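You will see two complexes here that share subunit A, one where it goes with subunit B and one where it goes with subunit C.
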Partner chain A sequence: MRYRIGLVALLAVVAWGLPYGLNLYAMHVADVALVFAVLAIGLGLAMGVAGQVNLAQVAFFGVGSYAVAILTTHYGYGFWPAALLSLVATVVIGLLVGTPALRVQSHYLGIVTLGLAVAFTNWVTNAALAGGASGISGIPVPPLGGVDLSSDYLYWYVEVVVFAAALAFGLFVVRTPLGRRMRAMRDDSLAAGAVGAEVPMLRMAAFGLASVYGGLAGVLYAGLIRYVSPDTFSMTNMFLLLAMVIIGGRQSLVGCVVGALALSLLREALSDASTYAQLGYGVVVVLAVVFAPTGLAGLPARLRSGWRKRRGEGASAAVLGPFRPFPAAPQASAPVGPGPLLEVQQISKRFRGLWALREVSLSVGAGEIRGIVGPNGSGKTTLFNVISGLYRPSGGTVRLGGAPVGGRRPYQLSHAGLARTFQNLRLFNNLTVRENVLVAADRSRTRGIWRYAVWQVGVVRRDRALRARADAMLDQFGLSAFADALPRSLPYGIQRRVEIARAMVSGPRLLLLDEPAAGLNGEEVRQLGEIVRSIRDSGVTVVIIEHNMGLVMSLCERITVLASGEVIAEGGPAEVAATPRVIEAYLGDSAMSKDVPPVIATEVAQ
Partner chain B sequence: MQVFFQTLIGGLSLGAVYALVAMGFSLVYRTMGLVNFAHGDVVMIGAYVASTFYMSAKLPFALAIVAAIVVTGLIGVIIERVLRPLENKDFDLMLIGTIGFGIVLEAVATLIWGATGRAVPSPVPAAPLDIFGIRVRTYNLVVLAIAALAMVALVLFLQRTKRGAAMQAVAMDYEAATAVGIHVGRSNALSFSIGAGLAALGGGLVGPLLYVNASMGGSLGIKGFAAAILGGFGSIPGAILGGLAIGVLDSFSAGHFQGYSDLVTFLVFTVIIMVRPTGVFGERTVNRA
Partner chain C sequence: MHTPRHIRGALIGAAVLTTILATACSAPGKSSTSSSGSGKGPIKIAVVDAQSGQLSSLGHWESNGAKLAVDQWNAKGGINGRKIQLDVFDDQGDPTVGTNLARKIASDGYIAMIGTSESAVTQAMAPILQQEQIPNITSGQADSMVKLGSPFLFLNGPTSTTYDETLAKYVVDTKGIKSIAMITNNGGYGKGEHDAFLASLSKRGVTPLTDQVVTTDQKDFSAALTTIRQKNPQLVFIGSEEVEAGLIVKQARDLGITVPFAGSAPQGTPVFAETAGAANVENTIVSSPYLGNDISDASRTFAAAYKAAYGDDAELHGAKAYDGTSIVLTALKTSNVATGKKLADAIRATKYNGLLGSFAFDSTGVGIFATSIGVISNGKLAAAS
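This part shows the complex of A and B:
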């Protein structure tokens, strides 16, 4: 920490003293480099942090610059009012460009944003308002008291202040709930939705942030160069910006800044051989994605782990602590209202010609542990996906606590008190265990992000409360020793437990567990049984899909059996195990020959 | 009416080129899950190589295109080889890696052929044909015919030959394909070089239609890509339909909005994608939870 403060102080001194040691040309280069650094932070936030492939960042930059130019030269606005209006305009454009992200992702989004960026360049090169190919000159010098900002030396200080604020705000976003949710969405948008992150709003927020930085950079650029032309906002520069962010390390804002400064200076140094420079950074981008996907920013960590491996230091000797049971809920408060907590009525789900579920009905009372079993492909996970809002049912209704929840999005269901785990573990792989739990602990709605703009102290306070809650939950599950580890580095059984902790920290009324015992050893299965029982005793209703019959039989009061998308039996463990149709579904027709059933029935019941 | 038909024919022949580009995209995407953003620049290289052989080496136009196909096929194999570690892993990184390759190809083209670009003379007589009172550039018809032939050949190859069937199998499930004895690496390399070859064919054909320069890859690539998405990514008939649609859209918006044609084309494209993200023939992939 002290080391960091020292570093920041040192950088501040360097930034303050830099103009004294540079000639006019070098100063200008440094000014331009800093503008690109601000722009790169925006791209890093959208692409590296939120995972939105935004190839229109240069267009945002252009919108900011052109808006200032047009407002000042055509409409006679002063520089600062024009700057403010330009920022607003850029954000509006940014949100419009971002709307396709609600429907498409990854390469589709890349091509749409790139296309819109081309459309922007196309417009400015043709429109008379934007000065056509020759651009707009004569943007006034930004007035600032008696300070003459036409001097590149003095302008530097304005830039440094804006840049420092922009970087600080970016880092603040990344490390607090909003950024955490964005990173969770980047790693696994499905799971992020299931733990309560409002994915559509977060995508828009990512584009909003990117455009704020784009607009800011545009305003700075307009004030610095006082001339805008289409060339600056071409695709070539978009790819240069992309190279800055990739080479610097897209997931780290500081990396983006370093990449931007380095490439800007390099481009200037090689301005006589610009084609070779282009060739060079193209090659470096290719090498970076193959060999160093985390960019320059990721190098220290890679070196450190390589060093540790060399010295033979294995993984840390952290041990899994024991699970501490939840406090039992007072009996009286358990039933919330009349009727069951979860009621599934006549649910059908069709994938083209295949009926994955056909008029499935079941109701689970509050405080129950319900087992759902059935052969592979019988529709168990599809049923969970329908209940948790990932799939829209083809017919039927789902009620949670008496209220119909059909057609609600996963995040809405999460806020309504539903939590789930996934058959093939869906942890956020680039977030630590603590952050995984923190994302789910955050129960706020995304519309609360206005606090980021006006009341940061509130954000910090809330974050502190969340951390306390998450740490308590980790401690409860005996996971404290792994809080700072990445999930992938942990044994499978521990990852499973992390996922349950993540589901529980949201304080659900109903918990859906999808094959929680898959891949666990005997002792871990026993602990799992203990955990699930304690969760139920704390007042949470549990529905569990499981193939481990021993666990299901010992844990569940009632069991529902699915086969080929239909409920074929429901009842207590012994009752279900003796049902002929269940035996048939599991063992086939031959098992129905007269002498087998008693043997099987006792086998299964044990 | 006459103007309408002339614009239509012009759009269709440009669209046929986009379709070739889009087919390259789709072929590579469906077999390897690789979105090749450098594809447009491969087209550009193809256009340059073909025009060089045709104009400087005085080779017949058809031979020049074959030479271009060989060169770009090699480039395709190199790109595939370098990015192989990322296949089926990190989609976004792969996408950026191919963008990096695009930057490299553009720089290489500038170094070899200069930044100014060149006009390629039409290989067939320039006098327009007169069909039912509609004047059509002869070369447009040549482009349409060759592109149609290439499409038919590709579809036949994929459906009727063993290698083609193997490529389809790899596309559906590469582990299962390995299990039945298909050499996945070789199959992928083949599909990548066919994709690059299609790009060269498109590039060679587009030479006399447009002005050949180092930055043409960008706009050709984006439009070819848009065509592939419009038709449904990974679908060959979709690529053809999407290519023709983008070409016609482009041609008409150039007629009506002059300089603003790119603006209009991409706005329309964005709206279509938002209404129907999976394109016309696209498959909706199911998220497995």
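This part shows the complex of A and C:
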């Protein structure tokens, strides 16, 4: 930490002293490079942090500087009022450009945003207001007390201040709840929704942030060059910007800055051979994407891990701690509530011609552990997906605690007290174990992000509270030793446990576990049984899909059997095992016959 | 446990910073930039043009023209016994790169600049060149550059207004043609042509039958041309660069538009004629200060020297750059290698008889106010009778 503060102080001194050592040309190049650095932070936030492919960043840049140009030259505004208004304009445009992200993602989003960026360039080329192809000149020098900002040297200090604030705010966002949710959304938007992150709002927030940085860069550009024309916001420059972010390392804002500065200076150094330079950028980008997806920023970590491997240091010597049971809820002993906690009525789900679920009904009382079994393809996971809001049912209703929740989005259900795990682990792979749990611990709504703009202290306080809560949960599950590890590096059994901890930290009323024992060894399965029982005893209702019949039979009070999308039996373990249709369903599927518990086998033999 | 340490670190950092700030408070960048004007060694002149990208052919022609002029002066012994050093810089057609280059040539001690061929880049560079007091002779012709009012910015040719006023005068006043269609592109050049020609027409009370605007990278113009054919004009005005204008004419003939075209300098070039097809460009009316290499003795000498140096045929852009560079060199000679404002004043005072005509600069930096009208007949551009 000390080392880091020292580094920041050193950089501050360098930034302050730089103008004394540079000639005008180098100073101007540095000024331009810093504008691009601000722009790249914005792109890094949208693309690297939130995973939104945003090829319109150069258009945000353009909107910012054109707005300043138009407001100052056509409407006679002062530079600073115009700068403020143009920031607002850029954010409005940014949110508009971001709306397609609600429907499309990845490369489709790239195409849409690229189209909008091209539309912007076309508009400024044609519009009389924007001066057409010859652009707008005569933007006034920003006034600042008695300081003459027409000097590139003094302008540098304005840029450094804005840049430092912009970078600090960006890093602040990344490390606090908003950025964590964005990163979670980037890694797995489905799971992020299931733990309560409002994915649509977060996508808009990502575009909003990107446009703020675009607008800032645009204002700085307008004040520095004092002339705007369409060529500056061309696709060539969008590609250059993309190259900066990818080469620098898109998941790290500092990497984006390094990339922007490096490429700006390189471009200048190679200006006599620009044709080859363009080709060179292309090659370097491809190499970076293939061989160093984390870019320059990821290199130290890669080198470090390579070094460790060579020295033969084992991964982590950390051990899984014991699970400490939850305190039992006082009312857990008494039968609770008037009605069932989860009530599924006549749910059907159809995929084209296939009925994955056909009029499935079941009701789970509060404090129950319900098992759901059935052969592969019988619709168990589809049922979970319908209950947790990932699928919209073709018919029927779902009630949670008596209230109908059909058609609600996953994040809304999460806030209503529902948590789940996934059959194929869905942890956020680029977040540490602690961060995985932190994302789910955050119960706030995204609309609370106004705090980021005006009351950062509140954000820090809340983050601290969340961390305490997450650490407590990790400790409870015996995962403290792995808190700073990435999930991928952990054994499968531990990853399973992390996913349950992540689900529990949201404080659910109802927990859906989708094959939690798959891939676990005997001891781990025993621990799992213990954990699930403790969860139930703490007052949480549990529904569990499981193929491990031993676990189901010992754990569940009631079992629902699905086959071909229909409920074929329901009742206590022994009762269900004796049902002829269940035996038939299981023996009909030879692959599953090994799962037939001994009790059924005896039945059949008799 | 952690917090005090943070605070201590931050305090140390802040203390170091304030100490340094307090000890040295003078603003940076006050030292004056060196200039090669009064010293010895070569006289440094910069050519800034797009050497890569879409406009690179234009940039190439211009740097050739400028080099030819400098080589000829150097062969005669330079100026005051000093050689002239001409260096070419690539602005990539990007205004931001242009501003970097403006600072670069200032820092490296260049005392004058030739270029650029793109008005947008020139406009971006103009405030810096004015601040650095480096005279700049540009090849652009957009009227918006003149409006900048920089005393260090000169044009090596007429403005769009001159081109199109001359053209409109010939077409409307002399020939009496009033039903005119327009097709222009939305690039810097095309927009300038569009605005200037439209202004000249409306001054004469003529409204174009149709006003079609295409983009700079368009390849198919049938929609615009079909509209033009329906209006049945007597003449079609083109405001576009060589290749695109050639494509437009070719496609217009294919669609059955038989009336003549009219335009500015690009329509007088071999590239235009080759793209459109020799038969298709017959009767095209051209407003240009440089109708061709055979127009005068001076142009024949220039074209021969150009051909000998580069193996290519000379054309307008090379001629403009040649004239512009010659004017700068003449001003350097008459002013005894002055720099900055004195050199700008010397350029403004220079009367020069060049390939494009007689230059006499006014306060706006424009030196030539007339173009000639040429008509293509039998595949050759000749002055209109």
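The rule is simple: the second predicted complex is superposed on the first by the 583 of 606 C-alpha atoms of A that agree within 3 Å, B and C clash if a C-alpha of one lies under 4 Å from a C-alpha of the other, contacts with A are read in each partner's own complex, and residues count from 1 in each chain.
Note that a contact is a pair of C-beta atoms (placed from the backbone, for glycine too) under 8 Å apart; a residue touches a chain by one contact, two chains touch by 3 or more.
This structure is a prediction, so every number in the text was calculated from the model and none was measured.
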{"item": "Subunit B versus subunit C as contact partner of A:422, first or second or both or neither", "value": "first"}
{"item": "Which of subunit B and subunit C A:131 touches, first, second, both or neither", "value": "second"}
{"item": "First (subunit B), second (subunit C), both or neither touched by A:99", "value": "first"}
{"item": "Which of subunit B and subunit C A:275 touches, first, second, both or neither", "value": "both"}
{"item": "Contacts of A:5 with subunit B and subunit C, given as first, second, both or neither", "value": "second"}
{"item": "Contact residues common to both interfaces of subunit A (with subunit B and with subunit C)", "value": "122, 125-126, 236, 275, 278"}
{"item": "Residue ranges of subunit C touching subunit A (in the complex, touch as defined)", "value": "2, 5-6, 9-10, 12-13, 16-17, 20-21, 27-29, 33, 51-53, 89-90, 92-97, 99-104, 106-108, 118-121, 123-124, 126-128, 131-132, 142, 144-145, 148, 186-192, 213, 215"}
{"item": "List of subunit A residues in touch with subunit C within their complex", "value": "1-2, 5-6, 8-9, 12-13, 16-17, 19-20, 23-29, 32, 122, 125-126, 131-135, 137-138, 150-154, 221, 225-227, 229-232, 234, 236-237, 267-268, 271-272, 274-275, 278"}
{"item": "Residues of subunit B touching subunit A in the complex", "value": "35, 37, 82-83, 85-86, 90-97, 99-104, 106-108, 110-111, 115, 215, 218-219, 222, 225-226, 229, 233, 258-263, 265-267, 269-270, 273-274, 277, 286-289"}
{"item": "Residues of subunit A touching subunit B in the complex", "value": "47, 51, 53, 99-100, 103-104, 106-108, 110-112, 114-116, 118-119, 122-123, 125-126, 190, 235-236, 239, 242-243, 246, 275-276, 278-279, 281-286, 288-290, 293, 351, 381, 384-385, 390, 422-424, 426, 514"}
